[in-house]
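Per-chain numbering from 1; labels A, B, C, D, E and F assigned in written order.
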Amino acid sequence: MKPPSQAVERIVKAALEEDAPQGDLTSQALLSADAVISAELVAREDGVLCGEDVFAAAMKLTGDVSASFAVHDGERFAAGAALASVNGPACAVLQAERVALNFVQRLSGIATMTAKFVEAAAGTKARIVDTRKTTPGLRILERYAVRCGGGGNHRFSLSDAVLVKDNHLAVLAASGVTLEDALRAVRVQIPHTVAIEVEVDRLDQIDAVLAAGADAILLDNFSLDDLRSGVLQVAGRALVEASGGVTLERVHEIAATGVDLISVGALTHGVKSLDLGLDMRNL
Amino acid sequence: MKPPSQAVERIVKAALEEDAPQGDLTSQALLSADAVISAELVAREDGVLCGEDVFAAAMKLTGDVSASFAVHDGERFAAGAALASVNGPACAVLQAERVALNFVQRLSGIATMTAKFVEAAAGTKARIVDTRKTTPGLRILERYAVRCGGGGNHRFSLSDAVLVKDNHLAVLAASGVTLEDALRAVRVQIPHTVAIEVEVDRLDQIDAVLAAGADAILLDNFSLDDLRSGVLQVAGRALVEASGGVTLERVHEIAATGVDLISVGALTHGVKSLDLGLDMRNL
Amino acid sequence: MKPPSQAVERIVKAALEEDAPQGDLTSQALLSADAVISAELVAREDGVLCGEDVFAAAMKLTGDVSASFAVHDGERFAAGAALASVNGPACAVLQAERVALNFVQRLSGIATMTAKFVEAAAGTKARIVDTRKTTPGLRILERYAVRCGGGGNHRFSLSDAVLVKDNHLAVLAASGVTLEDALRAVRVQIPHTVAIEVEVDRLDQIDAVLAAGADAILLDNFSLDDLRSGVLQVAGRALVEASGGVTLERVHEIAATGVDLISVGALTHGVKSLDLGLDMRNL
Amino acid sequence: MKPPSQAVERIVKAALEEDAPQGDLTSQALLSADAVISAELVAREDGVLCGEDVFAAAMKLTGDVSASFAVHDGERFAAGAALASVNGPACAVLQAERVALNFVQRLSGIATMTAKFVEAAAGTKARIVDTRKTTPGLRILERYAVRCGGGGNHRFSLSDAVLVKDNHLAVLAASGVTLEDALRAVRVQIPHTVAIEVEVDRLDQIDAVLAAGADAILLDNFSLDDLRSGVLQVAGRALVEASGGVTLERVHEIAATGVDLISVGALTHGVKSLDLGLDMRNL
Amino acid sequence: MKPPSQAVERIVKAALEEDAPQGDLTSQALLSADAVISAELVAREDGVLCGEDVFAAAMKLTGDVSASFAVHDGERFAAGAALASVNGPACAVLQAERVALNFVQRLSGIATMTAKFVEAAAGTKARIVDTRKTTPGLRILERYAVRCGGGGNHRFSLSDAVLVKDNHLAVLAASGVTLEDALRAVRVQIPHTVAIEVEVDRLDQIDAVLAAGADAILLDNFSLDDLRSGVLQVAGRALVEASGGVTLERVHEIAATGVDLISVGALTHGVKSLDLGLDMRNL
Amino acid sequence: MKPPSQAVERIVKAALEEDAPQGDLTSQALLSADAVISAELVAREDGVLCGEDVFAAAMKLTGDVSASFAVHDGERFAAGAALASVNGPACAVLQAERVALNFVQRLSGIATMTAKFVEAAAGTKARIVDTRKTTPGLRILERYAVRCGGGGNHRFSLSDAVLVKDNHLAVLAASGVTLEDALRAVRVQIPHTVAIEVEVDRLDQIDAVLAAGADAILLDNFSLDDLRSGVLQVAGRALVEASGGVTLERVHEIAATGVDLISVGALTHGVKSLDLGLDMRNL
């Protein structure tokens, strides 16, 4: 399920414009417009690829550089692997290089990190999902990267699901409205295709949330014991999501508590770009 | 030297649109439009602040929420510090929260990381500078974050300086043009306000670069010994920049070689967002 | 749950630009810039209001005309009622008039039509909802108009819910994939907050859809008898939506079959703008 | 005289973006990317076609679907007629379907309605023209639809003709300026290629308007007798336009009064989308 | 008849973005953000002012600089006159200076040049009008400048009037269509508010053009004698416009031939910016 | 070093939209869509060409008109020369004509004027450079035109070089800061690739500027004697630029004083469009 090409093109064009608003002074002033080069996108560490389309779009938009991928989005590769080859005017390849790498390194970094979380949770039924802690402007790409890494997506934005958080509950409480009444009012204002999820901080909140008819319950910053208790208490009447302080070290034991979903801000929030490089050939 | 408010507003508007294209289903369906809340931006770890304007813009654009900062861009703070307070309609604060945090956490992460590199290089003349390895669409903000952390900026884009890299040299060599001839041709094509920098991989390339009249020489992936030799060889006839594999652990010894500049991709490339949170008050 | 003001302003600005790209030749050439007028938005037929914000934005953006509403979005009014009064420079009021009316007449037409369907379905549990048959570019406003009329919204776009239609089923069948296998594959690709609905043309398709785990079933163009049978067959295991040929005349008997939702393309598809006019005062 | 392709593409792109900002969840998650389908655009009622280019653009922009029209813009067709055939990737066809239909149904609805008015006025010299009561953002397309139906266009916007309405006259009167003086002042402020038209409510206003040199006179809400008198009084010295309450039933007798133009808000204002459908083939 | 403020703001914002995409390095790095200055817009040569709004918008948009004009659009001034005073943050004034001057100098240059042509044609009935030879992107402002100089406007664009030129006539002739038949077909395709003008190169073409019912005839590159003959031949049955090689020296004798309009490409085509400067005060 | 095609296309599209927002009434209503024509871009005076790409883009974007240039950007031509030939649908050629000419005439005017200045300065070491006195929105094209004429570019915008002007010095002086201290502070805020230039009005300011470490000194409105003295005083320690009142008559003697650069606002500020025409063939 790739991002629409219209979105990819819009984002890549903006990035190229940012990186060379008046063209590439160095290449254009230094090199012959006729010079043609070949290059390879090479992995300098192991990983999972994401970014074929953005990489290719950057190359194509600076001057009809062809890009051909040997490894595809969602596939694993080892350090040293040749992921793609490009061929075209030297000026175009060198102008596109940094932008193309910035995208593919970041997205592959996310895919690779996601794959590690997914792998760590293997053998459980828990699905690793992203959060809204994405880079402003790049959410559509970063969510795709999470999928390439084997993870799932949480809601795309504030407009497509209801997630009642602690602060909402506090405002509700201050106004003397019960959650049950509040959710009943919400349900008629939203499409029937939209789920309602409620975040809780304590086990004793769960019953009220179930009574109010939530489709999912988010157990935020629960201990492993409390997660297990929560799962038992919910007993399949709603999806159970765990969040808060989820690290690679801890994710397996969280997953093993029986939760359905684990949302991990770190997938997109503090991810290291993967080390990929563009090596010129035949010069 | 803050980013222009026109750019800040454009970027924040796009982020808010991305995060709530049809509004915030949860807050709007759940809460009274009259509910007002106060909240504090609180540090959960030590750091250097960057993002006052974007944070305030996000709050203001979703519904005239006032934001007042106790700590300012470029200032250090300790875990637990209250950085800013906001006050306004609950629906607006809660809608803006994630976008505002995404920006200020990322930018403060960059400023904080930069400050660590700057600190590590203290006592030397080396200046820590950024690279073009920035997030597509956010370069103007991320460069500002580097300045907030005490670092300097390298060129903004391909359009405002000449940086001849190894691949350019290879293409030149393949076409039988000497660097000296090439740079002479470049100089008359570019504004006199634009510097020319040349990247070298080996000490024996330096003399030709100096002879060609470069304003700066980039020593890429040099050993410490070679950096020291390079500085001596250049002898003040050009600025000397070191790059490649610069870590917090290694930056002091690199700086101590006498280079003028150290460019660090990691400032913006793989930076962890700083842990900041918005804590509601008085509910 | 109003549309975001950012969206309202964007749409109204574009409409004003379309209607007067170089200004209003008539008013500007004919009238003194100092002339001030008052006017009233008057109903020429009964209806339900929708469009306060777009009307006010059009007035404000052409020249700080104040608009004050006596009747508010979602409220009913009778022919002859004064809905709002405006006051400001004659040139601005007259330039904004047509655009402001075009919006408020169309949206009130939708709200009024929706209210009629809702009223006709009163006493049943069926909720009247819209479809994607909206005016290109105005979906966010038209869905709001449906809510103002007491209706509900279906999914906003192809990106926020799964609705498997007859053509999808046909393609699936042609490729030899069972619905159950297909939906299982879909479920892991979409957020857990997204519902899956499947359209069926015949009663005998229902069991397979339920077995495949759909959250809702759309009974398309069913007879009243078949709708009743369908509701019984589903027996609460999924939401039941009726669609196809829903008219004001037929909506009550459809609603009385026990379906949960009735989607009505006609709410937005062929709606007559409501007859509202701007009458000048005190001239 | 087709709308410029640049405008068509801009409008269709925005509509596709509105309808699938992150792609089509259903088709992409459900169907194989390789599945190819054929479909026909079929008329479910009689009509006049308008929208070839927008339909084709929607199909092309979602994924290189070819669209070939058997009936062309401005041509009549009967219920059951196959208007066009499309062929391409199933995912692309199904994603484009609703947007393509929304456009072609609305535009054909306008063309068809216009054709009915034109037909009703046949045998007179009156030309049926549109008004500014168009859908915000779609005026360029809807005016084209009116032309496809055999009608003519009134001014495009406030910027390209002078139409002095009752409210203008009232403001003028309040400031003690005669129409003659006012129009003399207007004439030197506008291009000589721009016509001046004045709206009147009563026969006794006509002489002053003619004296003031108007190119056209709009008789608003006149009885048939008054229209006839008005035409006689003007006696060819200006074009005569009738407007106000023009219905299909009344249009012939209005046309028979001898007016040159009849403007009909209903052409675009409250038009029912024509019933067209996309039927899949060979599945 | 000022350009719409929406258009002014859009154009000025784009110009400021072009001139300082990342802010004003010099002022921001050099000056205190608190420094405030006053300055005067001073005329260094005689002229007619145009550009109040764009000048003020540039000042306001860079940082709330107030601008107050002593001379207004369309008014004459002598060298040395103080046209406006500005007051605000030094950084904002100095950043806006060049953009504000670029606009007001160019527009005042056009207004001043136009005034000279208008003055030279004084005492005749000829009106001086502009052409489509305007600066791409600035047509709306440049046409306003022509009006400020006392001139009139020709059609705004290809979309709002019919002007049949020599090349159109040649294509028509090649296809064997008479002008009369062609214009009859045109008339029913265009709004009745749109005039038809036909360009001729020779006197013997005039009768056919009149017979075809043109509203205006453009006599292109005619000698003075032929202009006089043309005016006599047309005899008030159409407006007569002269064009081609109109200079300040020749304009009076052209005007004296009795033509109604003289279009002058040089008003906008090759105009010298007027010499205006921003002089700082009280430093 | 051509402007990026992305920028060219954006600018040309906007110009075409401005010139024919709803298409070309004349050509579309008058001519057969099938008519094809050939035309030549012909020089009516001597000059230097600039604008191949914008001309070709205008032709291509209105309807796949092919344009083939016999003379290329930067090449000289004589009056009467055929510069390019175009071939395509008559409607497209005639719609694109004015926009294409507006661009190529203006840009060739700049290139031609620049070439005259460059020629006048021949035999000296002085380089003729542009200023920021460009047309809002067209700077990227106009700077390219200057290069086509053999000139050089000054800084692109306020964001890519430091140029301390008299007003900056006055503000500094008023705040009691020395230039040396100020520039030291500036240097650490700007990229090392950015040059610092300081404008002086008198010879006695030069020593302080050199002491402060400026890379270039701008001698503004100096007499020839003072320019000579200034060059001697600087003695190669900085680049020397002359500006102010530079005319074609004076440029050689200014250049002969030994300055490195002469900036000429008149290159772009008040340039006459070159007389080029599009002559139809074979009709």
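Criterion: a contact is a pair of C-beta atoms (placed from the backbone, for glycine too) under 8 Å apart; a residue touches a chain by one contact, two chains touch by 3 or more.
The structure displayed is predicted, hence computed values, not measured ones.
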item: Smallest count of steps, each to a touching chain, taking chain B to chain D; value: 2
item: Numbering shared by both copies at the chain D-chain C contact, with half separating same from different; value: same
item: Separation of mean Cα positions, chain E and chain D [Å, integer]; value: 32
item: Distance from chain D to chain A - Cα centre to Cα centre, in angstrom; value: 45
item: Inter-centroid spacing, chain B versus chain A (mean Cα positions, whole Å); value: 22
item: Residue list for chain E, restricted to those that touch at least two other chains; value: 1, 20-23, 25, 29, 156, 159-161, 163, 189-190, 194
item: Complete list of chain pairs which touch one another; value: A-B, A-C, A-D, A-F, B-C, B-E, B-F, C-D, C-E, D-E, D-F, E-F
item: Residues on chain B engaged by chain A in the complex (per definition of touch); value: 11, 14-15, 18-27, 29-32, 35, 37, 90, 94-95, 98-99, 102-103, 105-106, 109, 132-139, 157-165, 167-168, 170-175, 182, 185-186, 189-190, 194, 269-273, 280, 283
item: Interfacial residue positions of chain B with respect to chain E in the complex; value: 1-4, 6-7, 140, 143, 156
item: Chain C partner contacts - residues on chain B that touch it in the complex; value: 13, 16-17, 20-23, 25, 28-29, 61
item: Touch list for chain C against partner chain A, complex; value: 1, 127, 129, 147, 152-156, 159-161, 163, 188-195, 197, 215-216, 239, 241, 260-261
